[in-house]
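Let me begin by handing over the structure; questions about it come next.
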Amino acid sequence: MPTLTYRDALNHALREEMARDPDVFLMGEEVGVYQGAYKVSRGLLDEFGPMRVVDTPITELGFAGVGIGAAMVGLRPVIEFMTWNFALLAIDQLVNNAAKMRYMSNGQVGVPAVFRGPGGAALQLAAQHSQAFESFYAHVPGLKVVMPATPADAKGLLKSAIRDDNPVVFIEGEMLYNLKGEVPEGEHVVPLGKADVKRAGRDVTIVCHSKTVAVALKAADELADDGVEAEVLDLRTIRPLDTEAVLASVARTHRCVVAEEGWPFAGVGAQVVDTIQREAFDELDAPVLRVTGADVPMPYNKQLEKAAKVDPAKVIAAVHSVLYRD
Amino acid sequence: MATRVVMEALSPTMEEGRLVEWKKQEGEAVAVGDVLAEVETDKAVMELVARAAGTLLKQVVPAGATVPVSEPVALIGEPGEAVDNGKPTPAQKQQGTQPAPGPPPAPAAEAERAAASAPAAAAPTPEGRVKASPLARRIAAERGIDLGALAGSGPEGRVVLRDLEQAPAAAPTHAGGPPAPHPILRTPEGAAFTDVPLNQLRKTIARRLVQSIGPIPTFYLTTEVDMERAWDAREALKTLGDGPKVSFNDIILKAVAAALRQHPACNAWWQDDHIRYWHEVHVSMAVAIEDGLITPVIRNTDLKSLREIAAESLDLAERARERRLKPEEYTGGTFSVSNLGMLDIDEFTAVINPPEAGILAVGRIVEKPVVHEGQLTVRRRLRLTMSCDHRVIDGATGARFLKTLKAMLENPLAMVW
Amino acid sequence: MAGTAVPRPRTRRRGLDAERAEEYRGWLRQMILIRRFEEKAGEAYSLGKIGGFCHLYIGQEAVAVGSLAALRADDYITCSYREHGHALARGLSPRAVMAELFGKAAGTSGGKGGSMHLFDASLGFLGGHGIVAGHIPLATGMAFAIKYRNTDQVAVCYFGEAAVNNGAFHEALNMAALWKLPVVYVCENNRYGMGTALERASAIYDISERACSYDMANEVVDGQDVLVMHAAMERAVERARADKHPTLLEVRTYRFMGHSMSDPIHGHYRTREEVEDQRKRDPIAVWSQRLIEEGIMDQAGVKALDKEIVDEVEDAYRFADEAPEPAMEELYSDVYKES
């Protein structure tokens, strides 16, 4: 199995899907001539031409709406946002148009579109460029929210997202683009709505997604040295949430920590905790704890930024707490 | 056939509108879109426009009238056409009342799961509630382990899974054991209070009393009545021997009914958009029962003899205490009497029983020194306080009623005068 | 400026083409249908049979009728939330539209869309949309899809003049001109965005000039004359279909009713005199008068047509009133398409 970066895994998914289905096209800022702000679309303009790899003006609302309009009449656009920070300019299009068209039209008009780009913090990009917005979109019925953590999942989930008949918010990780991993060639499709046990363990479940998967795996390694077997459950899809997998894992371990990059208030973890306390109450030996980004705009200073982010030490501390190991 | 012009909902929240001014007069020609009248809504003055062309045959309501939405205000048709008052036939009326859709189906599985995951109640110990994780609780229940006997190792002594791992399994608990005593029946010593859930009757009382003291602008009138002659009259009735025992309350009920007959302004209901003055007198009497109060009604009180009132009030009070009154026996009163004299209350104010506009609060008869015919002497006196809904009864109106009542009690023959 | 919204028609008046008499009568029929339908909808709203917001099209009928008559069956149409008239002119049945306003299962969106969200995908009628200007990029995207598939369809987008101050308008028009998309933007300038007059909201008075920023073809059109409207739309549609060039039409019209059912006809923002003055150019009166003058119809014919339409609207009302409510299971259907 070849080893690819996360970036190239996405590139392969796009290339394969565009080759498979002539209705699939890519649109966004710098996706063509520039080869992609993060080089995800490298080579696609040459291969598919300017009608299918469309450079847009810096006009997020506008091209998101263009993509939705094209999807309403049957095309399958992949709309790239240079980052999800900029996509806030387009959130009206996603929430009021993409998410609601099928319902408002009683099933007559769907929006089979993918909106993708990197989310979350990178390094020292400061407050306006370091934000995790998955809970914003996951709040909205009608949208699906997908967040791959590994190169293999990046490819398999993007192929599923493009083939899905619903609008899919596909949030990548800027810090993940260089992550390497084995990726199956050709038809590798990961279904939406299915979480994945990235590491099995019997003492505690660490629920995570996107960048926090790597953080959780590192924490699990250190905990193993200490005799604690942590199970790392990667949600992969935020909406629809794989509650079955979460509950099954908690039923095995009886303790749970939820790690996410975003802010704590009304975050994805809050939804996971709600599900657990409601449906696995009698399985719990301790309250479920959350590890989140600090409840502040992201600071620029390197030390402050580090303090604001989720890291393995914070996850380990939470695991100790739910194991009553103080 | 003439077209009905109805009061339209000219704002999303409008329930009624005041027709400020007619812009078209009867007999005038109207075209679709013509302004017929100006209507004051809850928000603004709007125009009511014609939706049919023809001649304005009839203005069903005058300018200044307040009309509920969908009620007719005018008729438009051909000149000379016969007109009614624009009221809809029953069939027409039905059109406006579509059954509202029922509540959406709850995701059933979710509700069931929620119910199933309710925590098993742990037995409270004398020290108080045992802290335990949900998992520890479940396993303890399955194995019959007494959580209270374990030392919890979690925060603040919480019993967690590891504390159970060494615990000996006890005999399983019997599901069919004696039921836990109802919390109301146990009064823990030294407890500052006991929480008792509201029963339906208490809820109804609360709702109605709040309804009363809140939106009803109430004022109070108090008078003191000399009861010597009423006392003598009652003593005299006692000597008649047969028939029911007549209480002072019965005498007061009779007097109130007779006084209401003379003061119909106090025998009325507030009806939100109108006042209903009753031609019949039905006096409600407040009866204390075990966990509340209820107000059975003596129908046509003014037409009944004291003897009939005495018998009926005795019967109603008894059945009230047994909770055996039929709804029609405690509704439809036109005025209320509440008596706390038997509980040694000198005087009090009673809460109006809506939609009635008045209630009389009766204190105890007390012997006290008063100046009577220029002499300081000891007389039996009674203090009466009337609560009045000011929207119906004005101060002088209530005062005149009380004056009549006082006169009747001080001179009982006046009741049959 | 107030009260002078309707310019003198630019086209010189010529005689009507006798061979098109049937088409001309059809326009009048559609305009009267919209008028009577909206009057009935207003009545139903006042009786509580229609809920929520309800924006009537009375006064603007010639715009939808004249412009939609220039389209083909396979063209795409998107509208704002004042779209009952466009739906009827596009051929959605009065019964289905009225049932949607009543929230019934037989409505165009099964009762789940309401007055602001009428759809019929089979007619290319892709929605009334409730966010001012939010649908302008959608029409642009439909035009992109047409270009992508290399067909000769046209996408048309209707919106009010208040939408042109919104970023979505500019972003969409820029891309449409940049990429030469086959789209016609029909700005129905009825002079008021809710209660705010055009000149209190826009730095320039002539909305058509906005197109100059994007080097886009544009025209000011008298929206009270269906013939003028139709001719202008034919030019714009041809420009899109044949030349792949977008157009911005500024159509000057006037709404005779309030912004919505809870807004008075004149209120604080315009005078009774202004409304009455504008009513003198009622598009239905203008066109029926013209047809009578030209001998294409007579007074009796117009009256008979009106009667026929009143009956049709009554039928739609009865149908909607008696139609069943949606099944409660519909609450959860069509949130997602199950794959």
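So that you can tell them apart, the chains are marked A, B and C in the order they are listed, and the count of residues begins at 1 in each.
In the analysis below, a contact is a pair of C-beta atoms (placed from the backbone, for glycine too) under 8 Å apart; a residue touches a chain by one contact, two chains touch by 3 or more.
Keep in mind the model is a prediction, meaning the values are calculated, not measured.
Colleague: Have a look at A-C versus A-B and report the one with more C-beta pairs in contact.
Modeller: Most C-beta pairs in contact, of the two: A-C.
Colleague: Report the chain whose mean Cα position is at the greatest distance from that of chain B.
Modeller: A
Colleague: Roughly how far is chain B from chain C, centre to centre by C-alpha average, rounded to an integer in Å?
Modeller: Their C-alpha centroids are separated by 54 Å.
Colleague: When the C-alpha atoms of chain A and chain B are each averaged to a single point, how far apart are the two points in Å?
Modeller: The computed centroid separation for chain A versus chain B comes out at 57 Å.
Colleague: Rounded to a whole Å, what is the gap between the Cα centroids of chain A and chain C?
Modeller: Distance between chain centres: 41 Å.
Colleague: What residues on chain A touch chain B, complex-wise?
Modeller: 254, 278-286, 324
Colleague: Would you tell me which residues of chain B are touching chain C in their complex?
Modeller: By the definition above, chain B touches chain C via 6, 8-12, 32-33, 43-47, 49, 51, 69-70, 95-96, 98, 101-102, 104-105.
Colleague: Which residues, counting only chain B, touch chain A once they are in their complex?
Modeller: Touching chain A: residues 113-114, 117, 119-120, 133-138, 153-155, 160-162 of chain B.
Colleague: Can you list the residues on chain C that touch chain B in the complex?
Modeller: 39, 42-43, 45-49, 52, 256, 261-262, 264-265, 267, 321, 325-326, 328-329, 331
Colleague: What part of chain A is in contact with chain C in the complex they form?
Modeller: For chain A paired with chain C, touching residues are 25, 51, 56-57, 59, 61-75, 92-93, 96-97, 101-110, 141-142, 144, 163-166.
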